[in-house]
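In the two complexes below, chain A is the common chain; its partner is chain B in one and chain C in the other.
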Partner chain A sequence: MNKHFPVSRRGFLKLGGSTAAIAGSLGATRLHAMEQDQGGKDFSPVTGKERQAVPYTCMVCNIEDGGIAYIEDGRIVKLEGNPDHPGNRGKLCAKGNSGFLHVYDPDRIMTPLLRTGKRGESKWKRISYDEATTILASKLREVIDRSIKENDPAIRNEIVFKWGRNRTGGAVHRFMHAMGSNAMVNHTNICESSKKVGLEPSWGPDIESCDWTNTKYALVFGANVLETAYFHNPNAQRLVDGVVGNKAKLVYFDPRMGNTAALADEWFAPYPGTDGAIALAIAQVIMNEKLYDDAFIRTWTNVTPEQLIEHLKPYTPEFAEKESGVPAKDIRRIAREFATTKPATTFSYRGPAKHVYGSYQEAAIHMLNVITGNVEKKGGYCLPRGMNFNQPSPKPPAAKVPSALGAPPQYPLASHAVSTHMPYQIMKGEEKVAVYMTYYDNPVYTYPSSHVWDALLKDEKLIPFYCSFSPYMSETAELADLIIPDTTYLERNDPESMPSDLRPWLGIRQQVIKPLGGTQEWRDTIIQTMHKVDPDGSLGMKQYFAFKNGEEWVRAQFDGIPGLKEDGGYDYLKKHGVWPKYGSVDPVTAKIVDKNGEEVQPEFGLHMKELSAADMDGATIADNGAIKKGGKTIGVRINGKNMAGFGTPSGKIELWKASYVKYGFNPLPVYKRLASRDKKPDELVLTTFKVNVHTQSRTASLKYLAELYHKNPAWINPKTAAARGIKDGDLIRVTSSVGYMVTRAHVTEGIHPDVVAISTACGHSAYGRLAQLKQKEKVAEWALGGDPDIDHNVWWDDKGVHPNSIIKLAVDPIGGSQGWYDTVITVTKAQAGDKYGDVKSSLEVSIKDYEETLRFAYTGDIHKANHKEVQIDWDHLPEPHVGAGH
Partner chain B sequence: MPIGLQAEPSAGVAGKKRWAMVIDLRRCIGCMACVAACKAEYDVPLGVWRTIVKVKDTGQYPNTKRHFLPRLCNHCDNPPCVRNCPTEATYKHEEGYVLQRYERCIACRTCMAACPYNARHVLPNSRTRVKIGGVVDKCTFCEHRVSNNLVPACVQTCLGRSRIFGDLNDPNSEVHKLVGGMPTVTLKSEKGTKPQVYYIKPAQQIVNQIYSPPESYAAKSDAEAFYRHNKGRQFFGGVL
Partner chain C sequence: MTLEMKKAETAKMIEENRAQAGIFTLLGRTLEYEADEAFLELLRTTLREPLAEAGVELPDDLLHGPSAEVLEHLAVEFTGLFVAPGAISPYASVFETGAMAQEPSSRVNHWYTEAGFEFRRMLSGEFPDHVGTMLGFVAALYSAEADCLERGDDVAAEETKVRRERFLLEEVGGWVPGWCRIAASVAGHPFYERMLDLTGRVLWEELSMIAPPRRLRELSDLNARRPARLESSPEFRKASGL
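Entry: the complex of A and B
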């Protein structure tokens, strides 16, 4: 039977004799599942003319899928996945398909704006990009001059740059380091940071890349792969291929039934924050029943099976059942299935990680793949593959003085910083800001206790000057003094790479159309600004921005990439969007195949790749086998072979983490019972979630997506609702220690009875008229305007209520993650006078929450009490020092 | 391309094409990429849909299930819309498409009333870029793409590869193999419409629920808002 026989993936062959006869009659002829071409071209349904096609890389979310933009008369009318792209294999998700609406959003800011009224009063004067960059440059120059005059380089850190989504390929760092500032604040601790910090010390990278297509068993914790999570589109395609095509079993843990639960063979709803207990119990069963991969543990980790068996003793399935509610008999069965079905993989995302002590939970799940030897196997749990590109030379040296802003020294293990702490650090006078800049960032909407950011940015003493680069009037941008709008992702230049496939790729973003209405991309704004900060070059900064424009800057980044030049260099990427071309997507299997229809196999076993003589030249081998060169571990010697190993000091997987224990954390994965687990019987746990058609804050203004999902009633179990006299659709009041919100109940069987879930997609108080359902209001004079469809055809009348303001600040003392799912609430029917959409929250309570969460840090008093089992010299923990967090 | 008012059904006719779609519900993840791609392809205004994916939850916690059912025109071989169109605006193409000639359409809505699948709508006049409105419109199976040897836009972007498109008359085509070899159902086959969109393995209760009125507050309140905004409309194509 030809392996490309198309119907095998649909289980067709199971049907018996008659079907086999059909198949047999076809002989070895290769069939075409879909005889029509999958894509790569498009035609106007009105004129029949072929649409102009220009490749790009998506940026509606962070996965960076490859796309082709179709253009009619200079207007982008359609987007499609790039068929040459190994990650998304020619397909886009709903968000990706709708991305061109960002370009034509009638409320898009089309010109720089200077504030004329009070902060947040929405009074603006339109100015030119030239005027705007002059203003910004003079503000930056003031700080630099003061730093020079006082001979204090630390003053440069008063220039602060905060981003939510930075896909600039290092341009932000170049800009800030050129000016001598290290005050760069990311958003990662509201995203997935404790996942990263659960993984990195163990095996190097911050994410796993599962070979879903070839797996036989997928154990997924709190990662709604089919709707959201990291790599939604690529992972969803491959997970469906695995489950339906390869008959893999999918077991899914999530307190809420999302679309991944819909495909799962088994869905379990654990109590929030108990995934780690389940994973540890699974590990215990695997170890006790000797179902583990003895050779892999002994060869490739820094622990022994005996050590693990001893460590896992307390974590019985019965213990995990008590904590999570998932039956012990199911945990036992799943453990045996997971260990004996090969290949198998886990995947996890925010569910386990976004809790206080989320890093332990992630580390516990990661360990399951290690003890079963599924690491770097076909169909298993693999290292991510990506490509690097450098900033062009000359490069500015790193700024001298570290900044603690958003990276407080109490969190030395939080390698992705603790951005939630930024406003509190400023309000308490610990950090100072002179010029505050934001880029793709909307903390007034997206952060826990978001009202704190509103209060910070309204305070002109604390934030004397605020420049936003947002092309949309977000909840945060409307508090700016100056807005210098960026273009959209379809009108800008960037290098890209993401590990969305087991074959690495390099992609570009380019201007698929000329930026609309004289807007300019952020790179151009930065070039102009720096030429004004340092007009004669005497500060030594101008030399780093000697580019004509953004495209020239990005083109220079691709110069040094090995092999690209031979294929046509940057111009190849402009034409094809992605490099290299591994093959074509087979319409039958969706696998990447060569000209003969054979699959282009990804490489597996990267850790076992042997180092070359050149690699070994000048290297030394430590007692534990680690191969060291230039102070770094470049591999590990195993059984006389020099192998690439893992990105750890020993070159092995370090299940026992020296970095953790140094600060009094348990070096091995443990389960720590959270305060939310001890809530009172009448209380509930608030969780939030994303849906398949929205990002965190940027898509409520996209009409196709808003039409699909525009309101976010609170999911509540029928039993829970009935106990409170609440019926489906009732107005309810959700109260946390921070404040309350008035929303409606969505009574559903798809949620744990102790949990309330509210989507973060809706409930904007800014972000244009559509997001706020104010489309009947006049368009602002600075905006693009002009979509009669939005003016007349919007039929929904509920924009939802946003929950983030009542969510308590509480971070993981290890990885720094915000504990998004740790807020304890009460839910009642609405009180007299309550109106839908009311949200009240207390700044004072949030500041106390900040002080409280610092007590969990390694420097705090709660830390030791929570880690009695750790045997170290508690009186001599390392002193906190600034810079460790960067 | 030759057209006929009511071309004879081409299914099974040697030498002719019969375009059809198979939707493998085991592979549909309700991602809505098809819905967005279709809206963009045709500049489909808000409030009308050529295709949609219906979502239904069933069962009781913790034994809850979620189901998806993509919907579009069935390109029937016995299309009541064509029979009932008084101006010959709606016609049956010899390759199986049921298509609409805007220039002949008087928006009398007879076809909409005749269609048991609510697959037709009147195009609003207010659109983003295409200046055609006030006429009935519908899914065309992307005839303009298919005739250029491409799959329809919804099939192109389908993340789960749940939508499969091809020529039913080609014995080597995947749709032919699937319809011949898998248990499939068509919607409301009892109406005698001979639909040409085939579904693999839908649960009967889900099929029954598609046409039932919305149950949850979330769905009902959307439907109410829709009818408030679109007075006189008979069908709401919302997701829930």
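Entry: the complex of A and C
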């Protein structure tokens, strides 16, 4: 008995048991698990005070997920996904969650630095932003004045701007065009440019947006969707929706086993560079067995089934097995499954595209969706959906003289340029640079044969003045003459839209806190610089930069967007981060649902949307049905209906590419055997890969991510390793024609026996103390004192070894992509005197590689030999000219 | 105590406070910004002898080199030592949390505000918890204390003294002497090496006067902090680490 409660213990427990049993029917309590909320609010665990929530668009990588920054006492203390964002639906990846560490990184460059010693000697003097922009403006003005004096607009192209990641919404082009320069060099050919050039001439856009969620069959080639491939976080969620929620089958091709292979129903490890042979064989089976969508091909493409059947004859499954190693019986089965399971889709990324002739491989994979009629279907292979924003008026006209820098005329089809060629063009005297500027770019680390960039930037005759806008001391920034640090992405304004979902969206990047410590965003630097280049406006340049600051510039970019103004315009975006709001994330299914709990469906069949009377006003219809207006194709007439069609000259999908054949390339997808396929038996193929918690180069100094992944041993198959006497963890020497590196072996079944794979993101020689593990090397110099993480929790002492320096330059003559996965190597146990981390490479060999890869271009002698099947007048190919195709 | 005696004692305290303010101003100025023409001139003239007596022999190049060259050289050294990535970060936040502009920065700023000061940066990348600014604050408090004494406001002088001592014990004493030792050990120019060494000694002297023995031992331990080298265990993962 209890004096306060007159019942025996037995009786008490009985009461408790009964109460527990009926708890559900006793009604609601006011207490709920916090995790039931979908985000958007956060509280200080110490004070309980609600934190300020500011939406933004992520930019740790290129996927541009929506996020919410939580601010406490003026500091960003946490990031999470924006639940209003249709792409990432309230979730961020590990990189996104860690992004705020960039802001407070003690190795961040917080003030402009002026070089005082030799290039790369790390001798700097700090100066103010005002002094820095004055120096930059004077250098730019020198070039402009020389151009005026000599009446030669081409001189303006000596002002060069190179970027790695440009999410400025056209600001870089505005800046460069205002000064009359076209010398803008992107990074796309070290990324996925041959994928883009495999797709664009066929259907317009440069990428597909699969409806993973509703598909029943996904055939994925070389795209590690669950970890890193384009639209990583949104696509990973949608793929899981499809595979788990919709019971879709996933078949995956990749020489290396990543998480996508692990999720797949079937994983095949083909020989690198043979995805095209597999896709063509699948197409052959589908066509020969009449499993194709006859009506779609005849109505919506510029080829007939008969043409395709004839073209595909050589590509038997047995041929594909010989090339790829994937059994013919599996290829046949997969072809039948893919064609008969509806809806179905393919997806591909760098695996097929990053080879010499990668454009053909992408085109072959794309064709599978076309011949099976899966294009623009629910659950199928869809066009990407994005939204546009503007550059404010007045806009500077495009510069007068095209530039060949990073866009050599030998590659007229490479619409995303060939940036890898830039240093060689300058070293050979073909192009000249007076002022070189870089933004979010680190080629000394990220490019193939990266030592060539190092040599270029150290040469003050070739690069007389180099200004970096990097907020971090990267391997490239440390070679600059002047660094005017940008802010991080959380302290900057940009407009955004990315086709990461089938429901299009507009977003903003805004300053979630004021730029830390009085730093300034790049837009402000450019406004100030241009006001100094043209102080009285007499050059006509200042008018394009009549903004108070970066925010005013970006605000103006959202003027005139239909529907946005009615919802509150730019201020709506500042409050919500993304527009429009499609619905809310369902707490159980994680799908975006409306008020009634129904999933908000995207629109499908975009190509079949009928054109309005206003659209047709003034339009003419060509013999092939193309609807033309203002010199452009705006749609296609099919069966008497005027429809939007595809972004090609005919308005149909052009599997037969006129642009390709013009330069002697096969207009239809073909397979070209690569030199790496003919390697000697003791040789291997080197591939690289990105890991799920790092970008290529910018995240190694973030402690959350560095702890998760910080070293990159070479993946090697047990049989391959055993044949060389190599055990797991052994020191090995990896040798290519360019040089060698000394690293360690990671012996695993998860890699093709003919392949060695080494990840990027590790092995920095710059980029801060964690990236370099400096606190391990020179304790006193890099001491951070009492920081518990750096001092006590950095348990690793291996920063990895970066492979790019020994990777051979070799580009796709069509799309211009670097053949990242075409380098032939030998692997041995380390030799006497080899030390972990040794890397040696030859500039002379790389220059010869440049000359060799030019031989594959349409102007080169190897081109015709590799395209004997193309019936054209080989003696009268178009003359190369600068600006063709760009 | 006679009035005369009290006056004399007050005068002595004022003098001492002014002197301390001068020393802390010098130390703060040295660490907060690059040397300029005026500072170099002071080093070569007025400060040369007193610094030598305090154990800081100014190097020959600083005393006799062309001013422009000396200043350029010192500016490069200053940037490499305290500003550029990889530098010895002079911020309490970095020392205590590994990140810039964290809670120690707000805390220190609160001290400034309470004492009637406002932090204004001169260049980007500056925060209230900079070693030099904090030493400058100590100097300002010494100076304010002297002002109070001069106008006979003993209560305000005592409050200022208490504030200074608390600030030194709570915000400076636990890390700055140790930081000075590390920074001096990697300084590339003898001027900074010696001035950092002097800063550490001055601070320790100051702390020794105001901290009880037990607290002093604690501060000594705190300033002896070194980054620990933790070796990874081969048992922890596969040899390749994946």
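Please note the rule applied: the second predicted complex is superposed on the first by the 835 of 886 C-alpha atoms of A that agree within 3 Å, B and C clash if a C-alpha of one lies under 4 Å from a C-alpha of the other, contacts with A are read in each partner's own complex, and residues count from 1 in each chain.
In this section, a contact is a pair of C-beta atoms (placed from the backbone, for glycine too) under 8 Å apart; a residue touches a chain by one contact, two chains touch by 3 or more.
Keep in mind the model is a prediction, meaning the values are calculated, not measured.
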Contacts of A:263 with chain B and chain C, given as first, second, both or neither: first
Which superposed partner A:732 touches (first chain B, second chain C, both, neither): neither
When both partners are placed on the shared chain, which of chain B and chain C touches more of chain A: B
Partner chain(s) touched by A:123 [first = chain B, second = chain C, both, neither]: second
Touching partner for A:713 - first (chain B), second (chain C), both, neither: both
Touched partner set for A:81, first chain B, second chain C, both or neither: first
Which superposed partner A:573 touches (first chain B, second chain C, both, neither): neither
Touched partner set for A:517, first chain B, second chain C, both or neither: second
Touching partner for A:790 - first (chain B), second (chain C), both, neither: both
First, second, both or neither for A:90, with chain B first and chain C second: first
Doubly contacted chain A residues - partners chain C and chain B: 75, 104, 703, 711, 713, 728-729, 744-748, 787-798
Residue ranges of chain C touching chain A (in the complex, touch as defined): 34, 72, 75-76, 78-80, 83-86, 88-89, 91, 94-103, 106, 121, 123-127, 175, 178-179, 182, 185-186, 222, 225-232, 238-242
Residues of chain A defined as touching chain B within the complex: 6-7, 10, 12, 15, 18-19, 22, 26, 29, 31-39, 41-46, 48, 50, 75, 77-81, 90-98, 100, 104, 226-227, 233, 236-237, 240-241, 244, 257, 259, 261-263, 267-269, 588, 590, 692-693, 703-705, 707-709, 711, 713, 717-719, 728-729, 744-753, 787-798
Sites on chain A touched by chain C in the complex: 73-75, 101, 104-113, 116-117, 122-126, 128-129, 472-473, 516-520, 703, 711, 713, 728-729, 744-748, 768-769, 774-776, 779-798
Contacting residues of chain B [partner chain A, same complex]: 24, 26-27, 29-33, 35-37, 39-43, 45-47, 57, 59-62, 64-68, 124, 126-130, 132, 140, 142, 144-146, 148-151, 153, 155-162, 164-167, 170, 172-174, 177-178, 180-182, 200, 216-218, 220-222, 225-226, 228-230, 239
